[in-house]
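Structures incoming, each one as structure tokens.
Next, two complexes with chain A in common: one pairs it with chain B, the other with chain C.
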Partner chain A sequence: MSRTPLDTVEHAAATPDVELPWAELGLKKDEYERVVEILGRRPTGAELAMYSVMWSEHCSYKSSKVHLRQFGEKAPESDAMLVGIGENAGVVDVGQGYAVTFKVESHNHPSYVEPYQGAATGVGGIVRDIIAMGARPVAVVDPLRFGAADHPDTKRVLPGVVAGIGGYGNCLGLPNIGGEVVFDSCYQGNPLVNAGAIGVMRHEDIHLAKASGAGNKVVLYGARTGGDGIGGASILASETFDDAKPSKRPAVQVGDPFQEKLLIECTLEAFEEKLVVGIQDLGAAGLSCATSELASNGSGGMRVTLDDVPLRDSTLSPEEILMSESQERMCAVVEPEKVDRFLEICEKWDVIATVIGEVTDGDRLEIYWHGGKIVDVDPRTVAHEGPVYERPYARPEWQDALQADDANKLPRPASSEELRDQVLKLVGSPNQASKKWITSQYDHFVQGNTVLAQPEDSGMIRIDEETGLGVAIATDGNGRYAKLDPYHGAQLALAEAYRNVATTGAKPLAVSDCLNFGSPEDPAVMWQFAEAVRGLADACQQLGTPVTGGNVSLYNQTGEAAIHPTPVVAVLGVIDDVARRTPVAFQEEGQLIYLLGDTREEFGGSAWSQVVHDHLGGLPPAVDLERERLLAEILISASRDGMIDSAHDLSDGGLVQAVVESALLGGKGARLVVPDGLDAFTFLFSESAGRAIVAVPRSEEVRFNDMCGARGLPATRIGVVDGAAVEVQGEFTLTLEELRTVHEETIPALLA
Partner chain B sequence: MARVVVDVMLKPEILDPQGQAVQRALPRLGFEGISDVRQGKRFELEVDGPVDAAALARIHDLAESFLANTVIEDFTVKVEEPAEVAEAAK
Partner chain C sequence: MTARIGVVTFPGSLDDRDTQRAIRLAGAEPVALWHKDKDLRQVDAVVLPGGFSYGDYLRAGAISRFSPVMETVIEQAKAGLPVLGICNGFQVLTEAHLLPGGMLGNDHLHFICRDQKLRVENAETAWTGDYRQGQEIHIPLKNMDGRYVADEYTLDKLEAEGRVVFRYVDFNPNGSLRDIAGITNEAGNVVGLMPHPEHAVEPLIGTGRTDGLPFFTSILKKLVNA
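Here is the complex of A and B:
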């Protein structure tokens, strides 16, 4: 079966009138015209494939770019930042010569289509971003959001996603130390499967994605290239150019974690021997992305012979090879005299490696196939100079009505008995219930360096066995808050993750984000996005934690219904000695429970309003970033100086949820007294931000109080760790047994 | 009683890590000349009553909705000849 004639650059120049399926590939008319203008002729099929995929929303950030700039413009001065936005992942200095790289990405749509493989390859992709920076991956986290917990499709999607994350991560031998699981009917049909990873390296080992030095070789290594994930390219290949093609290629990619493990070891060994000039992983847009980004970030051009790419399926067309998203592949730039050694290392690890091209002293990316030149482009126009849209945005008309529908006016429990019932209902609701059934499917402790994992406030990993240096990571996001007020909702996500890191005793250093929104073509969604980015950038500036990178996922919507705007924020922190960490669980009876921060009547977007009234309206809790910073400083100092034995941040579900979790995890109850000036309901259910509970040993009480007083942080003694029940004096008593039953039975009953 | 066999295979374009692992092992074990291996699943269903069009349609349904993940797998349904069944039962 031959394709006649090959659509080479000469052929394209000679046949200007050939119609290409640019619309089917997702390009707009003006975008296609721009490609023609850049090239001065019609693109070849292969060029069109590259432009279409690199100019897609996913790769070019064309709708989000104008807003994302704020993360750079408002970036706070930070000594910790070693590599910022734009590389495969950001890199942060954590002291003692160590650098840590971390990033969160989305794999939403693939995980809906094929939950297991979608989620598994999401883990694979983020881990390759980490190794591309020169770091050894040490942990993964997975913030997940699904439709209603009792919806039948959730039972299809969730177990597959969880098994996929567990299967891939466990095979790689990476502990899964954090993340979230949230249910909300707005994610029905658009589950959010975000994946984060952390890697560790020495400062001198940082590697960047660039191809410099004419004559250097471009080596493709890892899995063979097959027809994975090229639904779009198949249109180009099958319908227009060759109607006889057997079938449309599927959009699903299948991962092979054992291949990825080999890729990790092989890459790190090559780094160690200093064999690599530049490196890039192959993720979305595959070779199109890797070659154009490596070339445009370097000093010269690049020449690639596509015939040399090892294939799994010999019938692939060049367009398909360029767009294939086959997993577990990397692309390295290697000096000619080091190529043999590089290939040797690959062979040792049983990794297929092939020289597919070289860096040239020109400024063009040229790709050859069967002797003909099928791509001749300025790589910058493919990788970096894609279209940029100033999409119209407007505050939706319904926003005022939504905010006016005040949750503070909802009927509150009228008796102690009703209050007690609502506590049980909250603690057993799918969002507040124990996620053990899910997280126990992940390996938390492989590698032996996990200090904290779910359900702690943040995951923590030891990175130096001698000194005890460690890093902590927390991911948070609350789509309900963000729907009520995207600006402050995004700030609350950051504040919560920041607080979670500090609660465990680590100092927050830097931020990565995964921004999940609906269609940017809807001005209301675009407004939510613009507000959320503005809010996040402002808050990062104020908290002194720069955004080091992240990912934007748009078009998370079914028909007219977009998901709640869901900015998921990951905060990375450092702790000098992990032995000083603070766990969530109550440690010892008799310790005093203190509430830090101010409690106000704030129920907008709260878990209580959702669980009891199925209500979403009003305003989210007020944001006070200076207070967050002060709270964090107190929590870190108290942990370092041994003044507290446990701590738990207060967020969704409010104080009662936090106390119940600390009590159940520690197997020790609590006797609480409602403080003066608060009613029991507000005390238990309010979601005011900037708060935490801590358990203080009696011997430390004076010192702890003095510290809070001197720093001006409100600290209220609210009770004591005691007994086998959570008792709110004058209101109710709930035994730990009763609480544990409702807290732990919900998720298995729905999903197992 | 008749036997219906459902064979489930990954679609040709989908990566098959298990098949690849088997293929890589072959030369190490001295088996040369095998250029590709793909591994699938075979289900043998013992059917009560006659295997008529209605029964096959039902089996097709169950294969499509349960035995195979049609996002990434293809399947075939075939009735095993009684002689084979008898042979296998020995």
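Here is the complex of A and C:
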């Protein structure tokens, strides 16, 4: 077909019978009909491009929306919440006039296709969300999940993902302070690459994505727009255009961290001079998203001249320009008299900036190309009034059988020798082994404010040098637990992240989540999703930590096999003085090791059942959120008042894993005694929730015990920091050297 | 009185603010210098900080070396201005030929971030006077292109003249020749090293050590006593 005439609004109105490639763009028939109904005519090619990307699952949350509402409806009262769900990222008050913004997002699919760039641009995208709130980014975290550690494809995907995260994040000058690395064959072909970022600002500097004030200018700045990142099934792949054009571009974007670093500095300088009325980053759906969201969140309309967009490739069509996901671009709304200064700052940082439009006093988003009007829409219908689905969901018929396959009935070690062997096997298994080979590829030190970084229980950043005010963040998720029981599995993810933050001495304040699931078109997956969201919303309500935002990633499945339902939860906490933080490592010989909380026979979904028996069945550990809250309060008080010198949360791998980590990190061993009423196996391997170990200086023992007693938290003295081995009296001794070898050599042996 | 120590910000510099903080903690006055500006603002010494200036495009340090500020830095360094290049700054100094040799990619091909043990081989440069000769210190290291290389003649000359200032101990993190972590010029006013002393100046932060602070107190003492 010919490229002329230009498919303007007038042309569309005059040619109602032209067939548009809505199906190739991923729209359903009824969705296309709805667009026609909204517009009262057929859409132009450019309008169709915008609706199709903005109404995609990724941008519109059309399958998940009806469930996600619970995060708002059940949100606990929190004085800390400054900006909630719906903006680029949530914002939390952390005191002393500071606000912190944080968010976790997924970049799963691109990272499988092209691990380095997929992961790199994941970091880039989340960092731009943080800048768009007005904050200086101060740290990143990366929860990652891969297929089996010894699968050949893992050796392709993991090193690329890690290098991509490092290559981008290191180059931006952002310390990488936390995250996870989990291996499970369910992620084969569907690795989960989640990326989180934290930013800090003063309260008065919070910026929002809205275009207000007729006459204000819309400035596009950053990288030039190219043909990269346009969905494979785009309007270009259709018959509408000829073959001479650069049509099918790779669907994965390519990142340039240097450009993003300049973008950060130039944006922050513009904020400092109060030049910005509204701001939005260009991520998924590029300009379609930025213009429609800015316009629909503001008071007026917007007029954009697409010819003014700086291009990397002059042959791009208007549809491509609207859909391009070229990285390192942002869109700001600036008052006319401040535009010159804004452009000057961009020039100082060698960032290309162009006025591409202005805010109007109407309520339409109008986009022009070569003098013709190619888009004329109500921006709300693009950005916020997309389709909403009540997808059918049903508890899978296999769920009962899975839960009945009780892990507590698996054969247990029959002798001390076997127990010892299983401990070694556990601490050397890929999921429990040291991830130093991975984390040493990330810069932890840059910015000079890193108080704690992985493998600590949570990452901690100082945000005020004078007062020592700091924030902590932990991300956790256990797909095995969630597979056994999505409702409680999601709650366990929250409980663990909450506990991890408290273990370092920080008070948990708020939550962001990244919900990774299979196909929403499968009622079993949809049930997992619904249950997980319900569980998480209920738990957030009970713990008083509101969800400030997050991300949903669906379709993580190859063929019939979906990944384990994997809600990843990030908890942000605050600490008044980072000097009071508590590290994982044992500090001093002679200190007493206490186990806090109750230990039950709970092995469903445990690391032990996976490592020793390759088993997944039964029920995950019981959830007791009131206990979690009490444990957190005790840990925070003990940190603040100097009653403990080290602390470590108990989670996957149980007590023995925690003790080994504290011992190896501190270079000091431990002598343990199995407490009355517990057998050695349960003591070492159970994964009961709501527990932590702490090392108490002898001088503080009475005070610490009194506090736990008065508050009703079980605290059991289980041993002492001592020697160069982990010894379980009457059972076995493992030297630190032996433990270090199995713990640290596993990952390099598999992946280096 | 105190000393004014300039810290250059190139596009892509990352540790410029951290270096300013280290200078402040040592008791000197940090002065921000901008790459497009030839004016050194009357500073008594200059630090070229770490980062990925110009994205490390072409070759680490290769573009920065031609920036306007470097024209003045090169000229004044030759006249005795104390200059410290950290990581990317070291790369800029070799590209500018203020120091001999150059840096290649780490031999294991990965970025590496670790707490690195070093031995002070020369405690008499402008930047190392507060260390003891032979002292072993821990300083964070983080780089992609940290493998110091030079021809044998240059290496022998550096060794003979005592111009190897720091050497990696126990573990060579990047394949650098003769375990070299840092070197100085003939006059001892220009020092470059791969590890990051500015990340080891506060007991709570980073690795929790303060082994990097003497860099900044050394230069301060030298300037104030001069």
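Keep this in mind: the second predicted complex is superposed on the first by the 738 of 752 C-alpha atoms of A that agree within 3 Å, B and C clash if a C-alpha of one lies under 4 Å from a C-alpha of the other, contacts with A are read in each partner's own complex, and residues count from 1 in each chain.
Heads up, the rule we're going with is that a residue touches a chain if its C-beta (ideal position, glycine included) is under 8 Å from a C-beta of that chain, and two chains touch if they have at least 3 such contacts.
The model shown is predicted, which means the values in this text are computed figures rather than measured ones.
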Mind checking the superposed model to see whether chain B and chain C fit together on chain A or clash?
fit
Once both complexes are placed on the shared chain, angle at chain A toward chain B and chain C, C-alpha, multiple of 10 degrees
60
Answer with first, second, both or neither: which of chain B and chain C does A:Asp256 touch in the superposed model?
both
Can A:Ala214 be said to touch chain B (first), chain C (second), both, or neither?
neither
For A:Ile38, using the defined touch cut-off, is the partner it touches chain B, chain C, both, or neither? Pick first, second, both or neither.
neither
Pick one for A:Val355: touches chain B only (first), chain C only (second), both, or neither.
neither
Which chain, chain B or chain C, is in touch with more residues of chain A?
C
Is A:Gln327 touching the first partner chain B, the second partner chain C, both, or neither of them?
first
Return first, second, both or neither, reflecting whether A:Ala223 touches chain B, chain C, both chains, or no partner chain.
first
Once the shared chain is lined up, is A:Val446 touching chain B (first), chain C (second), both, or neither of them?
second
Distance of closest approach, chain C and chain B, by C-alpha atoms in Å
5
Chain A positions within both the chain B interface and the chain C interface are 256, 258-259, 350
Touching residues (chain side chain B, partner chain A) in the complex
10-17, 20-21, 24, 69, 71-72
Please name which positions on chain A make contact with chain B in the complex.
113-114, 117, 223, 226-228, 246-247, 249-250, 252-256, 258-259, 312-313, 326-327, 350
Hey, which residues of chain A end up touching chain C in the complex?
163, 166-167, 170-173, 256-259, 261-262, 349-350, 439-451, 462, 465, 578-579, 581
Which bits of chain C are touching chain A when the two form their complex?
11-12, 14-15, 17-18, 21-22, 50-52, 54-57, 110-114, 140, 142, 144, 196, 198-199, 201-202, 204-207
